[in-house]
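Chains: A, B and C, in written order; residue numbering restarts at 1 for each.
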């Protein structure tokens, strides 16, 4: 402890709290206030080993970083192509009405539970013509609800409203409802889905976007 | 000034805290009743009624623009089957929506049954027979006189402003309501809105079954020809 | 005899302490850390918020670890385990409640701490890194609060992630890829929960501990900010000597002489968190994270309510700037603040801009939060079928006007329009609309919409339009005449007006 006496002085409250000028104050081994910077020495075996060690670690670090960064960025790079999914028999969708349908996320995991079920709105215009809308409001993705009486989709978050054909009716949404590409196959209504639609990726390359 | 020892403070705080901790039911402990229930699993009549019906149909304590479900005469005339049918499938041609899930509504068959039973539980004994909930139309020509007598009588109690624009013969009004609605309105009246029922509307006597059918037939005959047609947007 | 024994005991104790100290150097560590000297003026109630925030973090670490004993971060199990903790597990609800309230207190006290150090000019020379590390601590704390509400994996969490994805989807160029990375796939699922779990439980707590180490190290190295005096300017050449002189003149060891108020404040915070947990309990869980269950009203926790309000209030063109450009600018400004304003006055009385900016920020965030909580733009989805109309707005009306109210309910007008305060508040309350708008104006508004109202022309029959407009005209305080057409010459007062009050606004339509 006695060796610390000068250190204590240098480190006294008078010197600005506890700020010691050099090294960690807790390491009693070094003399106080001495910063050990050695003069550049000619290449020695130790020096060489140090340099080799640094270089090897840089190389090893780069090598291990490739899979680690690749793993983290995999979802950034990976493509999830849309897939045809059945919404069930046509009979579930009366002509002239809008019904809630649901499908299983084609990219689901077995441990997804109820989050694997994705809802969507199906509007049957006539026998053969449909419109299938994503559940997500184009403003911030909240689930829009259909009101048959006023023929409007309304969003519970910020009051966005859409007409029966998906066009923007009122509120902050920047565009009409997101739609799915659809087809009728073997008496079933099928949609091309598998994505949470956002403004960056509305999820239907065939649709004509109508701005608000 | 009484000195309070810190030790005493700490001890009392400790006692209070441990009491609070060991108390059986702190107010913050969520009761099992707060556990989430799917909207389709709600079975409480009051909740179902106040969420789905109360906006238009009063239950006696509030006022609604359509038929009151606390009307003893109405409740005495309608059967459970008819009530369930109206709730589940709506009334085409009127503003009553279909609430059954199969019709795109939000209520399960069980919930519709709960609502119907809850409404019918408000039934009170009514003296004497009441007219049938539904009946064929009568003679419109005879109904005109009944209508005149009824309006004459109503003018004694209701403010004059109510009778403007043709009162019950207003073509837009008749374009919005069904004959069944007119019949239920004539029979039951509305205690909340001060409209007398078929027994009180004329001084001294009740309307007869025939008079009710004639009155409804007269009103029905005043309905515009475009009733039930798709809108043409040729507004006044 | 007794005194002798006592002395022996003390000597033995000192001997043991000496042995330990000789190996662990605890005395020395103490003197450089807890026992460091602080200006006497900083032993103040204004200086307790930092240690109180740290205390909240410790509570969060302890209770969070306890929650992790039960919680399963999988889409299929998270909600089940939340329900189990809340309703079945002994004291599970209380641990959840403490963790929830601890997070609320941590954010709130941290905001007070930031406000205090800002108003006291503590970010100026030589404490730039103290401030910058604090900015990162603030961001990490908000990150923990946000990811924490995702851990409560219920309907709000599910749609909250959807909101996050929608905002991310506004990014230029890599929007779609960033959404995928945020969600861990193309759609919200278990992978999404797992990455938020990893952030909430590993990444952010690790980061916060690292930054706390830096933050506290800076406090020890550069000292705690002395109580500012008006007219005492910070000068890079002289400040260090000035501070050293303060410590020499009135320095006291933080422990035991400076820590008293921190200890009292800490105890109050613990009791307050426990009290709130016991009285108000945990938050949620609401309904399950089942996207097909669409009868939901997604809301963020209060700390993010103001963002929710901003999203509703700003025009569409402002969304990208507000969501994606403003945050980096604000954070960048906070980081650069000690360099922009490095010296000079510290006292708030000489820094009107600082004081005003604090007022402005508090006021705007407070109002936005209030709007977010009351949510006037969020339509109550059951108002159309459930909202009651007060008696005065029903009685003494023509049959057509009553049908107009039925139409008003049935066409979901009520979801956005209140009548005398009951109903939605997205649009104006219509209790006196007959005072403001004439019959033709109302017809136009209903059919064509506009002013943020959908056009109902296609969905209303002429009878329905007439009925609902007649009802609207009847909505005016007793005795008031219906709104008059401003294009027509004004009618002479007195008798004619009395007449007008009795007659319908539009006269005889045949």
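Couple of notes before you dig in:
As a convention for this text, a residue touches a chain if its C-beta (ideal position, glycine included) is under 8 Å from a C-beta of that chain, and two chains touch if they have at least 3 such contacts.
Note that the coordinates shown come from a computational prediction; the quantities given were computed from them, not determined experimentally.
Between A-B and B-C, more C-beta contact pairs are found at B-C. With respect to subunit B, maximal separation of chain centres occurs for A (centres as means of Cα atoms). Chain geometry summary: the mean Cα position of subunit A and that of subunit C are 22 Å apart. Centroids of subunit A and subunit B (each the mean of its C-alpha atoms) stand 48 Å apart. Put simply, the C-alpha centre of subunit B and that of subunit C have 41 angstrom between them.
With touch defined as above, residues shared between interfaces to two or more other chains in subunit B number as follows: 95, 97.
Across the assembly, subunit C contributes residues 288, 295, 384, 410, 458 that each touch 2 or more other chains.
Residue numbers of subunit A whose C-beta contacts span two or more other chains: 149.
Taken together, the subunit A residues at the contact with subunit B in this complex read 97-99, 146, 148-149. The touching residues of subunit C, when paired with subunit A in their complex, are 25, 27-29, 31-33, 36-38, 74-77, 79, 158-159, 162-163, 165-171, 174-181, 183-191, 220-224, 240, 243-245, 247-248, 251, 288-292, 294-298, 308, 311-312, 314, 316, 319, 377-379, 381, 384, 410-413, 415-416, 424, 426, 449, 452-456, 458-459. For subunit C in complex with subunit B, the residues that touch the partner chain are 83, 86-87, 93-94, 97, 154, 271, 274-282, 285-288, 293, 295, 382-391, 394-400, 402-407, 409-410, 414, 443, 447, 457-458, 460-467, 470, 502-504, 509. For subunit B in complex with subunit C, the residues that touch the partner chain are 13, 17, 20-21, 26-30, 32, 35-36, 38-39, 50-56, 62-66, 95, 97, 106, 158-165, 167-168, 170-173, 175-177, 192-194, 230-236. The touching residues of subunit B, when paired with subunit A in their complex, are 95, 97, 104.
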